[in-house]
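Common to both upcoming complexes is subunit A, partnered first by subunit B, then by subunit C.
This part shows the complex of A and B:
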């Protein structure tokens, strides 16, 4: 609600988000002015990757990353003590308190653009394919929420790490290219350990009918493992939290 | 000297964030290298062979750390929170105060960046193109120094907009968009169509980043190098004048609370 008191600010940042989106599209066009394919993916397929990755980034910033960056500040300034006193689950509170409203316009725009662009690819995804893609996309969000939450939890020990958000953004940027640019062990890392494949590669492949629901199962397992590990790490970190005496 | 010393100490205190930025840059490099390895194209991509493109991104990693002089956010914070008032009474130009602070930070961070670059160069040694000669080194050193001055001055002027505007973060975003495309930090500027090259060559972004790399790869004639260095001097001069104008006007317009 606070954001909407500065409507012009929200509008300016929404325009900036579209500018970044324009940069991403321009980069793809410039690269494909010089190459025919990247890891076997043609220009339109990579453009679809960029659209889905942009939507992923919007969801992440709108609902998750802003909360995590504010959590860093809570720990650094000792304001976490006040949050600890509230009669609500602390993880839920720090994860869902804020929304970044300037991402909504681009999100809505992409919701309309992606289906139209898929139509342009002469592909007719079935309802099942759309559901599959949506599930993979949602699992990707859940996976990265838990992953970034674990990274942010390290602020309990490394209070100077104010720029973890920059690292998180860089990880998401990897999702702008198909995961198949990586070979061998690197591909295993980016599918199972830092699963950038779930950002855009797998959802797009589901739309294009290239994968079935087997990766949904893999995504569920990764999500469950990360949820358990991140929750255990969070509890461990809270036990070692020392207040600043506020 | 006092500002430099404080900044050096700060650099060691903030070694954690330095490592995080380095990890982020390294991930970006790994992705870029993987993309170019997997690209299907002719013998040359934007005028570069694949080994040259890979070398471009490895060299760009160290250049990012050498030329990444961005006092923008610290200037904005100081103006917004009134801390700049204490700077006004000091008998040293604000420009040189911030320069000394950036120098301290970069003396430490550049070493880290260079070490990481050598590590990547070692692992990718089969693909790295070494183009060093005495002439090139003699050209690279001053052009990198000039690139630093252009970036620093530009970033300082952007920060001084805080004298008039409460929210200037969007300006920084526009700067980064321009630097990524027009400066060659995202992709080489040779990828930009010929029709737009004149704009690229006039604007300052190329001289912040791409110009030293173009010299390294021997892509410029002697006349083009002279023109490029002249434009670097031109932009340093213009931005220095702009800084003076903005600083003098900004001081007159500024009111700080409780200072």
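This part shows the complex of A and C:
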């Protein structure tokens, strides 16, 4: 609601997001002008990967990243005081304080585009496949929320860490390619430790009928572990909050 | 009944000292020198229900740090605090719904939205029932006379208007305890008076307990019967405001109106001349010598009028802080 007070800003950012999206699609066409497949994935499959990754990024920015980016300012300026006083879960409050409306237009567009695009593919997903893909996508969001939240929490010590939003976007960009371009230990890292595979590879594979529910179980376990660790770390870090002078 | 109990509270900070300039910054990157600041150093006090207590001290005395420990914003280094029988840094919602902290230098209102939006948000967070919210909002709006500004963006309001709205946001859930950290800072004299009147009437009407920190002695004199003075993290006085005069004012003021022109040099022999603008003069006299000085003035000078007054509280406090006369 606050952002809608600045109407021209909303419009400009919407245009910019669509422009970036166009560039992403253009880069895929450029690559496939030279090769037939990437790690066994054809052009349509990689395009679908890009669409899902873009939607993931929109969700992340719209609901999560803006809040995490602003957290260092809350700590540095002592504005966290006001949040700490409220009878509401502090983590919930700082994680959901802002919504980034700039990403809604592209998000809505992708919601319509992705099913239409999938409809053109040879493999037609079942309802179960869509549910599976949705679950994996949601788990990916939850996993990365917890991972980035832990990084954000270090602001209690480092105060003005770095531009978290840009850093997170760079990490998410890894999800634009299928995780299978990585080999051996790298693949393990990007599936289980910095699980970019959950951003787009697994949801797309679920849609294409290449994986079942087993990765949902893996995602749930990773999510639970990260939630417990991030929450414990957050509680520990809160004790070190020193506010600012009067 | 004591609502707030503080026992041996300590809060120490580790701060690093940085040399100025580029070389200082470079050195700070590699190696830092830390020192311990004892912001609050072993203080104890209790506050009963309905009290309106002034918490005063020089800059850096530990006032705001104490309030932040009481409201659970900071974990103390040591000691015990109980607010409404809760441990404040556990941040239990049951406690948080019963107190409010208003900081004169911080805004809780959303800057780009009207104050009413922030009120609605607070209503939901504090789970204030609709009817109670409407009644409280109407009451506070009337008391603070802000009906016309509630739908205007906060950033377009004046400082005084914003402070009034901040108070409303803090009081919507009818807290039992109010921590006010410099609520009148930056306000003009008219607005300061309005704020004081409001705090006084709110305390009287709702029986809420108020702890107020302020640099303006006017706030403390007008609102507080009891005062806690803190300096360098330690409490140096805890008692009635009138006791400060008895304990720390070692002089009185004699205000004289002369019937005829006099020689100021002869006047200086009686006491320290604070001001002389014929026909009026003000002398500062040691407390024990007041009556002798008054008699001497009446005998040796053509006095039309003579008044004996206590030194202003703020002057006593100032001398207290600068002279550190805490004996």
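In the analysis below, the second predicted complex is superposed on the first by the 245 of 246 C-alpha atoms of A that agree within 3 Å, B and C clash if a C-alpha of one lies under 4 Å from a C-alpha of the other, contacts with A are read in each partner's own complex, and residues count from 1 in each chain.
We take it that a contact is a pair of C-beta atoms (placed from the backbone, for glycine too) under 8 Å apart; a residue touches a chain by one contact, two chains touch by 3 or more.
Keep in mind the model is a prediction, meaning the values are calculated, not measured.
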| item | value |
| --- | --- |
| Partner chain in contact with A:188 - subunit B first, subunit C second, else both or neither | neither |
| Of subunit C and subunit B, partner touching more subunit A residues | B |
| Partner chain(s) touched by A:82 [first = subunit B, second = subunit C, both, neither] | second |
| Partner chain in contact with A:225 - subunit B first, subunit C second, else both or neither | neither |
| Partner chain in contact with A:39 - subunit B first, subunit C second, else both or neither | first |
| Touched partner set for A:242, first subunit B, second subunit C, both or neither | second |
| Subunit A partner contacts - residues on subunit B that touch it in the complex | 13-14, 16-17, 20-21, 23-25, 27-28, 30-31, 34-35, 37-41, 45-46, 167, 169-170, 173-174, 177, 180-181, 186-187, 191-193 |
| Interface residues, subunit A side, partner subunit B - complex | 9, 12-13, 15-16, 19-20, 23, 26-27, 30-31, 33-40, 158, 160-164, 166-167, 169-171, 173-174, 177, 180-183, 186 |
| Subunit A contact footprint on subunit C (complex, rising order) | 13, 60, 63-64, 68, 71-75, 91, 93-94, 96-97, 100-101, 103, 105-108, 110, 112-113, 117, 125-127, 153, 181-182, 213 |
| Residue ranges of subunit A in contact with subunit C within the complex | 1-2, 5-6, 78-79, 81-82, 84-88, 90, 238-239, 241-243, 245-246 |
